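Chain nomenclature is as follows: A, B and C, assigned in order of appearance, with residue numbering initiated at 1 for each chain independently.
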Amino acid sequence: MDEARSTEDRSLAAINVEKVTRSFTVDGRSVLVLDQVTFDVPSHGISAVLGPNGSGKSTLLRLISGLLEPDSGRITIDDQPVADADQRVGLVFQEPRLLPWRTAIDNVAFPLQLAGVGESERHERARALLDLVGVGAFSAAYPHQLSGGMRQRVAIARALARDPQILLLDEPFSALDALTRERFNGELLELWQRTGTAIVLVTHSISEAIYIADEVVVLSKGPGRVVARVPVPLGRPRNPDVRESEAFSRAAATIRAFLSGTPAELAEEEAAGAPIRDVLERAGAPAFFDPFRGAP
Amino acid sequence: MTAAPSTSRRHWRSVVLSVLAAAVVFVLAWKAVVIVGGYPVFILPAPEVVAGRFVTAWADGTMAPHAFATLSEIVVGFVVGATLAVVVGYLLARSPLAERLLSPYLVAAQATPILAIAPLLVLWLGTGLLPKVVICALIVFFPVAVSTMVGIRSIDRRLLELGRSLRATRWQVFRHLELPAAMPQILGGMRVGVTLAVIGAIVGEWAGADRGLGVLVNLARGSLFDFPLMFATLLTIALIAIVLYLLVVLVERALVGSWR
Amino acid sequence: MRSIYRLLGSVLVFVLIGCSPAAVPTATPLTKLTVGLGYQASVQFAQFYRAQQQGYYRDAGLDVTFQNDITSNLVTLVGQGAVDIGIADGTDVIPAVGQNIPIRYAATIYAQFPNVVIVPANSPIKSVADLKGRTLGIPGAYGSSWVMVQALLASAGLTVADITERDYPDYGQAIGLQQGQVDSATAYRNNEPIQLGLQGFATNQFTVDDITPLPGPGLIVGTATLAAKHDALQAFVAATLRAMDEIRANPQVGLDDSIAQVPLLGQDKATQLAILQATIEMWAGPYTQAHGTGSIDQAAWQKSLDFMRGLPNSNIPSTLTVDQLMTQELLQ
């Protein structure tokens, strides 16, 4: 009975990260990069992983995709443990990493070619994906002929080539200017609606995280620990105006508080609608006395 | 996207014109030297004498069999040497142990003048095609192996991580990632290699052969005392080297030109 | 102060007196001659070494320096005038003059043709005709050896197509013969057969003199040098031929003077003497015995010219005549 219930509970989760710890040897010393990280992403869900530099965000993505193995803990996708270079995962790196000697369509077809798919079939699929990301007209172009944004789109199309259940993106838009970045955020959401893959986006932009995700996993500075899992109280579909809403800025403030180290209760209180306090205030310090809310 | 075709055609025309102009200047300077120095034909024949002899030597069938023999030695030697070199270069790039073990021998082989090795090879392998092929292969080996090693090592690690994330096999990594990434360097090494192969063929022939352009040079100089023919043969050798070099450049443009 | 100047002044005066032409005893300057001998110093050039050692050149007013180079290079050097007089193969002179290189054959050194074909003494090859279908070791299909082979084969109605040629670019064809790699080999009469004989390997020879009288090596001069240094060259030739006669009468003096000139040759006197004696034998032939050492057999040259012109791949023009090849000017 218990088993059935627990399985039922977990079947909704696409990715399950349980107490994952990982360290690296640097100059002979062991450096702890991730410490007991635990969170889950429901199937078809979007999570953002947010943290300062050195919080192990990129390492976390590589662990989920199976390029690295955790020292302890486990990661499962649909209850199956993650395999080495798990092909259920599509990976988009920070740089497009396109093969310069291949055209866009051949780049997108590359994973299919490695898997042994025939030429006409893989070209057909690649063309469809390029159309999906909006660069279908440039399928015969070489990477050096494309702008940075177009190259990243091709990289996303490539990540989708093998129809993955999960798309992992490691700060994919950090090289773009702010305006293009906002536009790409919107396009990523559209893509998500059409493909339905679960998405984990690593970022260090708070607004990007909130705009895209259902939940923002906040990591601390190295060694990376989950400081908070902040749910995003915004509806779907999200249009650009939502960035100006109060809910948006409240969520941003909460996250900012976590990033700078304010204790959990205070941050949650703020998220629940309490007047915005100065985030530098800490519990125990003299605070604003609100006669209608009681003592701090 | 790319520049309009007319620009590349214009560029091509200007290249051809500048090459022709340089050739004309060279010929005029040569003629001037002959006139001013008063050199007899058996020391330095004038360009028109050499040109005339060049034409007759091809027309009466003197040059052709020797040119064909030398060209075969070069092509076979180059193919053998370059293929081996790419394989060894790959090994050196990927295995630090291999590099440590093999490097001293490779450097020693390269440093030993081919002129000294050639007669030994003829002694062991006779005066047929084989020793020439070996000499050409040897002379081509080092530049192509080194450029392959450098090229393979220069591949962006991030592309290798991409390959791993896509579960590429060792062969797939080589075929689809390392080899194309190294191609510009490998072809650069081959440019050098192909011109060296011409030298190798001639040196091999001088060590012992009954036909070839190197043999013809010696025959013309020491048996026939036909110095215009000797110069015409040198001209043929130079033309072969130029054509082969241009072929490699064309291959490079075809394989690598589009994505740079 | 003044005394120093006086000292300097007198020193200067003495120096000037010492340097004035009147103070130096005049002597007729020697004519410098650069003489090109073969590839390396050898007892085969004994006559030149003797003339040098015994002062015949100096007595004739000549300051002779020797230079070593291969015969085909000497042809161009002499034609250019970089070398005044040198030894070259007669069979090289014909194509060279045919290509307008301005040289002339001026004196015969080898009245008998030195290139021969050798076979082991116990070989079944008893005559040239027996060479048919056999293997021949040769440095390569060029030079005086090649002309000799073709002449030899022609005498038995054969051509090079009837034999199998095996190239020894390192000149090891005689060793190849000794090791049984080939049935026959080309050689120089005064070299390989002597060396092999001393090692106990006896050989028989096929010579070409009675078949086609090919011209052996001799002295060549450039036409320009001939005009400019006529008397000096004439004196040189005379001194050299005198030394040849003396050595022929007493080979030992030839060996001694060779060793004096080139100490390296003293290492194996027995072999060197054998080589010298074989060399001396070739200095004289029927024509030179009748007409004097160094004399040039024009009729023989004509036959050789006709023969070489008729060879396949010959580039000798039909307009070439014998008197363009030689000069009797330096012989008295």
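Methods note: a residue touches a chain if its C-beta (ideal position, glycine included) is under 8 Å from a C-beta of that chain, and two chains touch if they have at least 3 such contacts.
Only a predicted model underlies this, so the values are computations on that prediction, with no experimental measurement involved.
Chain contact topology: the protein chains form an open path, each linked only to its neighbours in the line. When every chain is reduced to the mean of its C-alpha atoms, the one closest to the centre of the whole protein set is B. Most remote chain with respect to subunit B, judged by CA-atom centres, is A. This structure's chain pair with the greatest number of C-beta contacts is B-C. With centres taken as mean Cα positions, subunit C sits 41 Å from subunit B. Spacing of subunit A relative to subunit C, judged by their CA centroids, is 93 angstrom.
Inter-chain spacing, taken between the CA centroids of subunit A and subunit B, is 53 Å.
Across the assembly, subunit C contributes no residue in contact with two or more other chains. Those residues of subunit A lying in contact with subunit B across their complex are 65, 67, 85, 87, 91, 93, 95, 97, 99-102, 110-111, 113-114, 141-145. Considering their complex, residues 40-43, 119, 122-123, 127, 207-210, 218-219, 221-227 of subunit B touch subunit C. Against subunit A, in their complex, subunit B makes its touches with residues 1-2, 156, 158-159, 161-162, 164-168, 172, 176-177, 180-181, 183, 256, 258-260. Against subunit B, in their complex, subunit C makes its touches with residues 70, 72-73, 75-76, 79-80, 92, 95-96, 98-102, 140-143, 146, 165, 167, 169-170, 315.
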